[in-house]
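What follows is a group of structures, each given as structure tokens.
The following pair of complexes shares a single chain, subunit A, combined with subunit B in the former and subunit C in the latter.
Up next, the complex of A and B:
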């Protein structure tokens, strides 16, 4: 099983669950299984091309999937996947 | 919508933001929900990781986000939102703030004028635009509603 950490702003779509477990062997499989359980998460995680949205970061353990194999990154049982909103801003637009 | 922050946390947040002046600084707010009111119980200052103009930009490391959220979860608190400073600039959100804003979170913005806190305001994303919420600076350390 893979444990997925759900960020606070998206917990209203998971009945307030902070962690969801899925069966998957890749990051894309895990995200797909998560959306299968909670369809309303889909538009918040994936863009219209079904790619992970620009302001969403996915980590496996403490590694950014962009430093691994992206959505194709392989997972093994017990891995922890975290969905992390990108937090940024500043005084000039 | 209202967010209440006790005096000692306002002081701690101000000190963190003033120390970074003229750069922007940032952190997280954790606490509890009482209906539509948010009560801040802890602040978690984190580093500004922006590689652009630090006077006008802030970026939070995703791992700092994850640790703050895990810390809040473990303590039975809610990650209520983010605070950051606008050095020598009003405490109003910019287009850049809006671009990566998340639903649910409170975005507390503090204006730091010449190195001193001059205003604190808070906003929430609603229907893809910021709506101001009342920011209450509470004089007591413990808040009971």
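Up next, the complex of A and C:
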């Protein structure tokens, strides 16, 4: 099982789940399985070419997948995948 | 650095620093000699400014263009009810001068822009970014990279916080990763709501802003191991913390192998935010709150739809039909097309987005956006209503 950490801004698409577990052996497989469970996430994570969007980072453990093998990075059971979006909040509002 | 002298009062004030072996008077001298610019005097800025002032950073610049609002007091602990309506930087400066009279403060009651950012930031050694929007995040980042300043970053949303130290100067002269290495481009407008739309737990900026102050002090004094090349994540709801690695991106347009950004750009445009009166909103018809009042008083048969969330409706509402933005497309049967329909939200942005979708996808031609949303109604028509 792979645990995917869902960041706050995207939890509205996962019925507020902060973690989702999937069976997958690669990052693209894990993201695909996640979108399978929560189709609305698809357009926020992937662009029209099915590439991971540039304003989200995907990590396996503490490593950015761009420093590994990108979306084809292999996963082993127990790995944690994190989706890290840009958030801007701070000052006023 | 030994030319930095302290009065008896200062030595007594900073004694708890001076007796930390690896900090001592050398660290305190570096603090006194340092110039730090705090951008944003809000939730993050409040603890940042208070701790940097208390700790003895010699010169502190404060940038904010805003005035204190009632809704700030839930988290911006630098301000009191007496300060509502006053410029934040002025109030902050007055409070902080009382906290530590040995500090030089410089208040900039302006918005940081591409026109003034380099001139302001140039005067400082370290920048602490406590702003609240993507254009300013990228502006602060790019200005810091162009000027070779370290940018101590934190950001918050609801229960979640991020912190990092960007563009850190390593002893060998190289620079650590910056914001664009982490996020090459901003999310499209609307995907990640602002704190005004999405909310934030009041104590969260207190936690993240304190961490930011800690990193600023570490960067200045050289004590410890700053959060450079790493991203700290904190989920206040689950108390989970993570530290992830941030690597330089060779394609980074400002610091990568082939930099193309050599000056500041239009950051509103970069973040996809249309200019005021841009074409995106021009095909949306709008009415103001006074027109809505006339129509309601005349019972003209128009329908009012509220596209906010149920918890916002509970705070205050205009008895409109509640159809939250995300569920609008599932409730088209509740949106008539034969009478005028006025759509409103908190400030008018979400309702405009809803109208855009309804017009372009479903052919509605009877929709009006309520300019300024329920906030404008509470301000101009019924001041007994709470704002949030």
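The rule is short, and it goes like this: the second predicted complex is superposed on the first by the 86 of 93 C-alpha atoms of A that agree within 3 Å, B and C clash if a C-alpha of one lies under 4 Å from a C-alpha of the other, contacts with A are read in each partner's own complex, and residues count from 1 in each chain.
Please note the rule applied: a residue touches a chain if its C-beta (ideal position, glycine included) is under 8 Å from a C-beta of that chain, and two chains touch if they have at least 3 such contacts.
Because the structure is predicted, anything quoted here is derived from the model rather than measured.
Novice: Between subunit B (first) and subunit C (second), which, if any, makes contact with A:89: first, second, both or neither?
Specialist: Both subunit B and subunit C are touched by A:89.
Novice: Which chain, subunit B or subunit C, ends up touching more residues of subunit A in the combined arrangement?
Specialist: Per-residue touch count on subunit A favours C.
Novice: Thinking of the overlay built on chain A, is A:12 touched by subunit B (first), by subunit C (second), by both, or by neither?
Specialist: The answer is both, since A:12 touches subunit B and subunit C.
Novice: Tell me the contact category for A:67 with respect to subunit B and subunit C: first, second, both or neither.
Specialist: second
Novice: State whether A:57 touches subunit B only (first), subunit C only (second), both chains, or neither.
Specialist: After superposition on chain A, A:57 lies in contact with both partners, subunit B and subunit C.
Novice: Would you check which partner chain A:1 touches, where first means subunit B only, second means subunit C only, and both and neither mean what they say?
Specialist: After superposing on A, A:1 lies clear of both subunit B and subunit C.
Novice: Can you pull the subunit A residues that subunit B and subunit C both touch?
Specialist: Overlap of subunit B and subunit C footprints on subunit A: residues 5, 7-9, 12, 18, 55, 57, 59, 62, 64, 82, 84-93.
Novice: Which residues of subunit C touch subunit A in the complex?
Specialist: 40-45, 64, 66, 69, 71-72, 129-134, 137, 154-160, 162, 182-188, 191-196, 198, 200, 205, 231, 233, 235, 237-238, 242-247, 249, 326
Novice: How about subunit B: which of its residues touch subunit A in the complex?
Specialist: Residues in contact with subunit A: 24, 26, 50, 53, 56-60, 62-63, 65-66, 69-70, 72-73, 78-79, 82, 84, 86-87, 89, 93-105, 107.
Novice: Under the touch definition given earlier, write down the residues of subunit A that touch subunit B in their complex.
Specialist: Residues in contact with subunit B: 5, 7-9, 12, 18, 55, 57, 59, 62, 64, 82, 84-93.
Novice: Subunit C touches which residues of subunit A in the complex?
Specialist: Interface residues on subunit A, with respect to subunit C: 5, 7-9, 12, 18, 44, 53-57, 59, 62-64, 66-67, 82, 84-93.
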